[in-house]
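Below are the structure tokens for one structure; questions will follow.
Going in written order, the chains are labelled A, B, C, D, E, F, G and H, and every chain counts its residues from 1.
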Amino acid sequence: MSPEQLKSLLSDLANGQSTVEETMAKLQRFPTDALSQDGGVVARLDTHRSLRSGFPEVILAHGKQFKHLKGIVKKALEHNNNLLITRLSKKRITKLTDLFPELQQAAGTRCLYRQTSKSKGDGLVGVFCAGTSDIAVAEEAALIARLMGAKVETYYDAGVAGLHRLLAAGELLRTARVFVVVAGMEGAMPSVIGGLVDKPVIAVPTSTGYGASFQGLTALLGMLNSCSSNVTVVNIDNGFGAGYVAGLINRR
Amino acid sequence: MSPEQLKSLLSDLANGQSTVEETMAKLQRFPTDALSQDGGVVARLDTHRSLRSGFPEVILAHGKQFKHLKGIVKKALEHNNNLLITRLSKKRITKLTDLFPELQQAAGTRCLYRQTSKSKGDGLVGVFCAGTSDIAVAEEAALIARLMGAKVETYYDAGVAGLHRLLAAGELLRTARVFVVVAGMEGAMPSVIGGLVDKPVIAVPTSTGYGASFQGLTALLGMLNSCSSNVTVVNIDNGFGAGYVAGLINRR
Amino acid sequence: MSPEQLKSLLSDLANGQSTVEETMAKLQRFPTDALSQDGGVVARLDTHRSLRSGFPEVILAHGKQFKHLKGIVKKALEHNNNLLITRLSKKRITKLTDLFPELQQAAGTRCLYRQTSKSKGDGLVGVFCAGTSDIAVAEEAALIARLMGAKVETYYDAGVAGLHRLLAAGELLRTARVFVVVAGMEGAMPSVIGGLVDKPVIAVPTSTGYGASFQGLTALLGMLNSCSSNVTVVNIDNGFGAGYVAGLINRR
Amino acid sequence: MSPEQLKSLLSDLANGQSTVEETMAKLQRFPTDALSQDGGVVARLDTHRSLRSGFPEVILAHGKQFKHLKGIVKKALEHNNNLLITRLSKKRITKLTDLFPELQQAAGTRCLYRQTSKSKGDGLVGVFCAGTSDIAVAEEAALIARLMGAKVETYYDAGVAGLHRLLAAGELLRTARVFVVVAGMEGAMPSVIGGLVDKPVIAVPTSTGYGASFQGLTALLGMLNSCSSNVTVVNIDNGFGAGYVAGLINRR
Amino acid sequence: MSPEQLKSLLSDLANGQSTVEETMAKLQRFPTDALSQDGGVVARLDTHRSLRSGFPEVILAHGKQFKHLKGIVKKALEHNNNLLITRLSKKRITKLTDLFPELQQAAGTRCLYRQTSKSKGDGLVGVFCAGTSDIAVAEEAALIARLMGAKVETYYDAGVAGLHRLLAAGELLRTARVFVVVAGMEGAMPSVIGGLVDKPVIAVPTSTGYGASFQGLTALLGMLNSCSSNVTVVNIDNGFGAGYVAGLINRR
Amino acid sequence: MSPEQLKSLLSDLANGQSTVEETMAKLQRFPTDALSQDGGVVARLDTHRSLRSGFPEVILAHGKQFKHLKGIVKKALEHNNNLLITRLSKKRITKLTDLFPELQQAAGTRCLYRQTSKSKGDGLVGVFCAGTSDIAVAEEAALIARLMGAKVETYYDAGVAGLHRLLAAGELLRTARVFVVVAGMEGAMPSVIGGLVDKPVIAVPTSTGYGASFQGLTALLGMLNSCSSNVTVVNIDNGFGAGYVAGLINRR
Amino acid sequence: MSPEQLKSLLSDLANGQSTVEETMAKLQRFPTDALSQDGGVVARLDTHRSLRSGFPEVILAHGKQFKHLKGIVKKALEHNNNLLITRLSKKRITKLTDLFPELQQAAGTRCLYRQTSKSKGDGLVGVFCAGTSDIAVAEEAALIARLMGAKVETYYDAGVAGLHRLLAAGELLRTARVFVVVAGMEGAMPSVIGGLVDKPVIAVPTSTGYGASFQGLTALLGMLNSCSSNVTVVNIDNGFGAGYVAGLINRR
Amino acid sequence: MSPEQLKSLLSDLANGQSTVEETMAKLQRFPTDALSQDGGVVARLDTHRSLRSGFPEVILAHGKQFKHLKGIVKKALEHNNNLLITRLSKKRITKLTDLFPELQQAAGTRCLYRQTSKSKGDGLVGVFCAGTSDIAVAEEAALIARLMGAKVETYYDAGVAGLHRLLAAGELLRTARVFVVVAGMEGAMPSVIGGLVDKPVIAVPTSTGYGASFQGLTALLGMLNSCSSNVTVVNIDNGFGAGYVAGLINRR
């Protein structure tokens, strides 16, 4: 279902032109696109929103059996919209690009995508990462934000132990509408950037590090306790989620 | 320092009218307002941003010795801007309102505030909470968002175990630019609301609950793992932070 | 909404006499009983299910501000059905029984209740606890199961370090339809009972213990790893939840 | 030992026809079927219950050395009853089906089984899962419930971020006697389903997810803190346990 | 039941003079001493072992409601044997000694006891503690070991940061049959003592410390990972358990 | 250094025939057997104790580089005493037995050993395990206890969900001087055995299990919180340590 | 024992003028100052080092019973050297200063001290803290460093969210030999300072914060994962330890 | 930027010869050496400090994609200074030494390095490790300290369970200016060494161990709670960081 449809439905509700009951009834009517395998439904694709709003469809590959994944991708490709597949292993990337040559690989990420409509690139999202090891996650954020129509600029390897590297990004710090900041280890970078700007900062902890980094838990906790009030946080290594919300904020 | 000043500074930088070095030098020049007690500086107030931008000054009372807190509040009240003091004990609320009658208590919260300038109430922030026990945190979010100039509507006690209660909030779900969703226990509400809207949802876990809720850790983890892509998360009970970011997004 | 109503609604749906949309619309129509304070809704009571089905209404007091709690209890008492209030402090028990003399205290628990309709006591629920310290939680389970119409027998202080104490409960082990087993410390009792019966066992970890019991976490983890396949688990100290599910199973 | 035997024994006890001592003595007499390897007993099969009650024998393969596992399976196959082997690696599935062609693989699970007696399929168990990644665990629950004589219907990929998908399952929500709900990530689905039905809901967290899902811990904690009172929980990925208890409740 | 009785019973079993069944039946016959309050059994005392073996009866006060505790103590005092009550608050110590003047307080511990039979003091148990803060737990261990008939010598405040203090305890290190070593903070002392002796060392972590000591968890983990092979561990602050096992080993 | 030497040294100290200083000086004199590789000392073998006391030398292979391990084993084999190497991978077992054919593999364990002196087998150690998956750890305990001169009897797969299996071990429960009880999952078996005997019980948690067993943490915590007072605990999977302490207690 | 004595002892050893044995023997001879209460030794003071080296004696009050603490303080005051007592409650501060008027309170800390010899103040230690709430811990570090002879300068409330506040401390950043950096919440400050200087930075996490700060655990983990290589860490709130090591480094 | 430059800059500031602004401006001017790949900057090398101060450049390989790592190493080798690459896999060591033959492998570590300038070896750093398994981490510490100009002596396999092994290191304990102590399992060695010396001790926990060692967490916690006041701690397995700080302290 598109945002326009939803708005219209709920406007009617708000204007007294329909009841809550009628509204819900209409909500029920939008069918999902069900994928059956082995005699049962294994996936219910929610394609309507993306189809009409220009949002990409997104498939989280992680944890899915390959036969399920393949079926879902095949079905999604039947629709003529932007598509993003995240958290793929190298092996699966190879298998899927063999099967579906229309899929492109985003360099340095674990994602595949198809872009059927180019956005005009309105608004600017700034994507920072603290170290070279965090680039894959940052690129995932940049990719989805671009697929959602944002202009994106990246600035990498600018950790807090070398402040002068960070300060050289003045232009980007000034002009972006929203920031995605990716960092592992102690995860301090969102706090420092958050103190320099008065825009929302979406912090992404990464599993980079070792020992007491606990696969990103330390960075996650650090970001949740940021002393900068403009920081919110997503799951460890969730570049996609951060880029998605940045895209939403940027669109407004 | 105001956003306007920052923009001007960084514009000059971007336009080649100043160097990175000159820019940083100017950044250095904005003095902080230092509070001395017992012969040493105990606080450095960063009042410039708020003074010119209409943002409120915010003081986190938690953990501060009372003599420090009192001094900071006194100094902050000297400036003619909106002021918010968070995470106060009942006893401190009484003591501060006795000392500073210009402070108002926000009903049901642990905050005091002074509002010197009324915002026009542009844009709408929707603040939801799952249970009656989460109201104090939700009210804190609503308060700061209002102080930042947002129109705020609240919808309380609408947890996921009774979906029909949530669905009755259709109008608010349709019209808000950004959502703050406050929940304890399993923290599922942001996922459900996130699935109903295509706006950013800022999730606030609360320490409500007992046993394996681990003072909000369970809700926090649940929200970080939300299956709705438009959800970002702040610290446990951090209604202030969520409201602040909602205010930022709403202003854009 | 009563189970009968729900069944009727969904029967119509199943029989093709109504559409999914109409069904949901009807679901929407059942109003909640909203409680307003300070100019806003602070609670939305879901009284319909309990009113018609004979289930008690249940209010979780923990975490609620007293003024909210008082309002909710008052409203709930207006309906003529069984009522249970759980997780009350001693002080709140005193204040509420002063305000509402129709409330009874369940000895040794942190609950208050009102019983307007006596169940016939159909079916038998066996409630066990491992040590004297676990009695309060066990009594809470017994209370709600009785309010839901079950006959309940209890057998207390029969921990696994003294097997002969447990084996003496042979009659109860034979005749109950479902078991609630409450234990702290290592939480081994549900496994042992689970091995002796072929009925569902609902395990309740308690926060009894010290040191590495971690306020019930150890018992909780032990129960989740039970080598008896008929054991399911509820939250630490959640006697209410265990008794509620036992009541549901017993009713079937 | 069969439930009938147990009932008879304990009836005698209850009626005064035997003493506690005589009862326990009889309990002792039921021999286990011991498997010896390398000159020692390595397993003691408890085959009696299953043989007479129609319950399947169940072997947890995880952690067992293959030579032990092989011996246990061989012995179990000598009895003429339903058999389920859980938590097998792909490699072990291949090796065991080569050795014992009478074993069948349950598609999409890590289980092997042999069904010697078909149940009539009395009563209905509803098995839900939140995402395609959770299907393997859900199928394990469905399999054991079927082996215990239940009719089972499944409804997959109906997570809380798309409520309309869930609401389309109205018929199943109305008619099942007990529900198994399988979910990873934030684990919110049991709460939502629990709010829609007045039957027991057995929640199964899965290790699906990444980062702060902590291999299912987040879903587990979420389910233990469910705001729906009819939810109980089993171990992470323990589809078997949930299906087993559902089978028990359904049989009553 | 006394150890002698148990031995006799099991001897008969071993010699073929009785069957397993008869043995269990006899085991069942030893009644527990049940305490009833409010119309139900709240405690089942297992007094037989202690009565005949000279072992003290032990009551863990922690977590018990006072009315239950009082009843249990009263009943235990009716038997003419050694008695130990552990984990009492100061307030409860006062109340119980007022009620039962025959109880003695063990200086510096949270225990009360009654000693009706003096042991001959056979064998030597060495009780060490690392710091002055650990004395209360160490004294609890010494007390129960003495009540079980051991001679006990203590050596306190001899932590590993001052090795010469520890080495001065040469005589005790040489002559004791078993050691109890109590330490908080990093819990290193059992490893060092374990390397100096070839006797069993029972390590007791204490909740002494702050910050990352996590109420004794750090000391507990350290002791479980001791590089000395003769170290076993009990729960945090469980001086009683350590002293009890030391008493058992010493008796042999 | 042998226990006899230590006794003699410390006797002199106790009798005033030497000073603390002289005693420590003598302690210093016992050289360790240093192994050099790559121009530095990489291991200092403490062979004296074992050489004279009949205790085996023990080498923990885990974590050591193979070249270090090989050197240490070679040096240890030069002495004519019992030797045990623990925590070997399959690959290392093969490589070491190829290099040193005098090493024997203990069936079902990850250990190699050489037995140069047979003990008389004095005293009885009872080794129990809960499930077939725990056998490898239990065998490790049995092996070291035997190398230390104990008679050992084992009783396997007797978990608490089938009490009658456990009760059939009456003879062993009666006659052993000390028990090693190995269990994974909820780790309840030591509590149950501890309640049946009045001897020390050394509990060994295993990493058997999945999900919320957290690689043995759940069993470990359960055992530390045992309601049986005669239970002490060693590290997860530390069969060696448990068998070693059992051997020490048995020797007394 | 003084460092000079230790050096002389070990020099003799190194020069062949004494054996290892003689050295240890001499080490043994330095008596500790034992405090007896209730007929047993409750503390062994290690006063020798401090007496001759000018280091203060330090007493950790936390966890000690008051009667023990009082005795230890009394004994320590008998020696004519600097004394520091840490982690005192307000009540204990009052009681001790009443008993021992020669003790001074360090403003804003939980410490008492007596300074008998003023150090010349050689070398400079820089003590920073991130927020006003961290001042008490920072002052504790400054106090001990001063008692050890360092010149100390402090710079407070300079957290990373306001970089310009930190950069204004240029002179101190340039001249100190070693830094103590105290921070709560995300604990990012040591990383930022560590990147600006090439001196050792000792990081002190504080328990300041709420929710997911977990009483300082988050700051602790962040500091351990610092991307600045010159950072080492002490326990949560351990201002004393950080100041002590800073004093040691400064003295070299 | 070299320390000398920094000093000069900040001296001017301190002497009033430049303003804070000018100082920061100059700080900004030092360019980083940016590495571009795939059309974007992937690393910003901070080579200035090392180039002029004789400190080695350090590259943390862990987590970096190989193409990034290769580019960074290539660029770093272009400068004529000492270089250290840490946390390399065996495979990467082979690949890099094939590509860059000027890199040397440090035996027994996961590091590569190039030494262009030999330090004079001023001052002494003592590096201890508890067991043979900890040598790789200890060697990493020794390597970096040597690259920073320290003389280093190592003393390995001297754990606390055999104190006489440790005491034989008297000469090294006496003469070193600073200690690095590496230990796994319970991590007790820093406390014992810390009690023997009055120099700073930098403790490095290792991931050596199994079960409840939790990959080094136990050792880490133990070291943070050391009862010796001269101990500070770095991350698990962070031999590099410990050696780096030891090098800094030694240089002073």
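One rule holds for everything that comes next: a contact is a pair of C-beta atoms (placed from the backbone, for glycine too) under 8 Å apart; a residue touches a chain by one contact, two chains touch by 3 or more.
Predicted, not measured: the structure shown is a model, and the values here were computed from it.
Enquirer: Let me spell it out: compute each chain's centre from its C-alpha atoms, then which one is farthest from subunit A's centre?
Expert: Taking each chain's C-alpha mean as its centre, the farthest from subunit A is E.
Enquirer: As a test of understanding: of all chains, whose mean C-alpha position lies farthest from that of subunit H?
Expert: That would be chain C.
Enquirer: Let me have the rounded angstrom distance from the C-alpha centre of subunit C over to the C-alpha centre of subunit F, please.
Expert: 47
Enquirer: Distance-wise, how many Å sit between the C-alpha centres of subunit B and subunit C, to the nearest whole number?
Expert: That gives a centre separation of 37 Å.
Enquirer: Of all the residues in subunit D, which ones touch at least 2 other chains?
Expert: Where subunit D meets two or more other chains at a single residue, that happens at 20, 24, 27-28, 131, 162, 167-168, 209, 211-213, 217, 220, 224-225, 235.
Enquirer: Spell out the residues on subunit E that touch subunit G in their complex, using ranges where they run on.
Expert: 107-108, 131-133, 135-136, 154-158, 162, 164-165, 167-168, 184, 208-213
Enquirer: Considering only the defined contacts, which subunit G positions touch subunit H in the complex?
Expert: 3, 6-7, 10-11, 13-14, 20, 23-24, 49, 53, 55, 58, 167-168, 170-171, 173-175, 177, 198-200, 202, 220, 224-225, 229-235, 240-242, 244-245, 248-249, 252
Enquirer: List the residues on subunit D that touch subunit F in their complex, please.
Expert: So the residues of subunit D in touch with subunit F come to 27-28, 30, 32, 38, 40-44, 46, 62-65, 68, 72, 87, 205, 207, 215-217, 220, 235-238.
Enquirer: Enumerate the contact residues on subunit G facing subunit A in the complex.
Expert: 130-131, 159-163, 185-188, 191-192, 194-196, 209, 211-214, 217-219, 221-228
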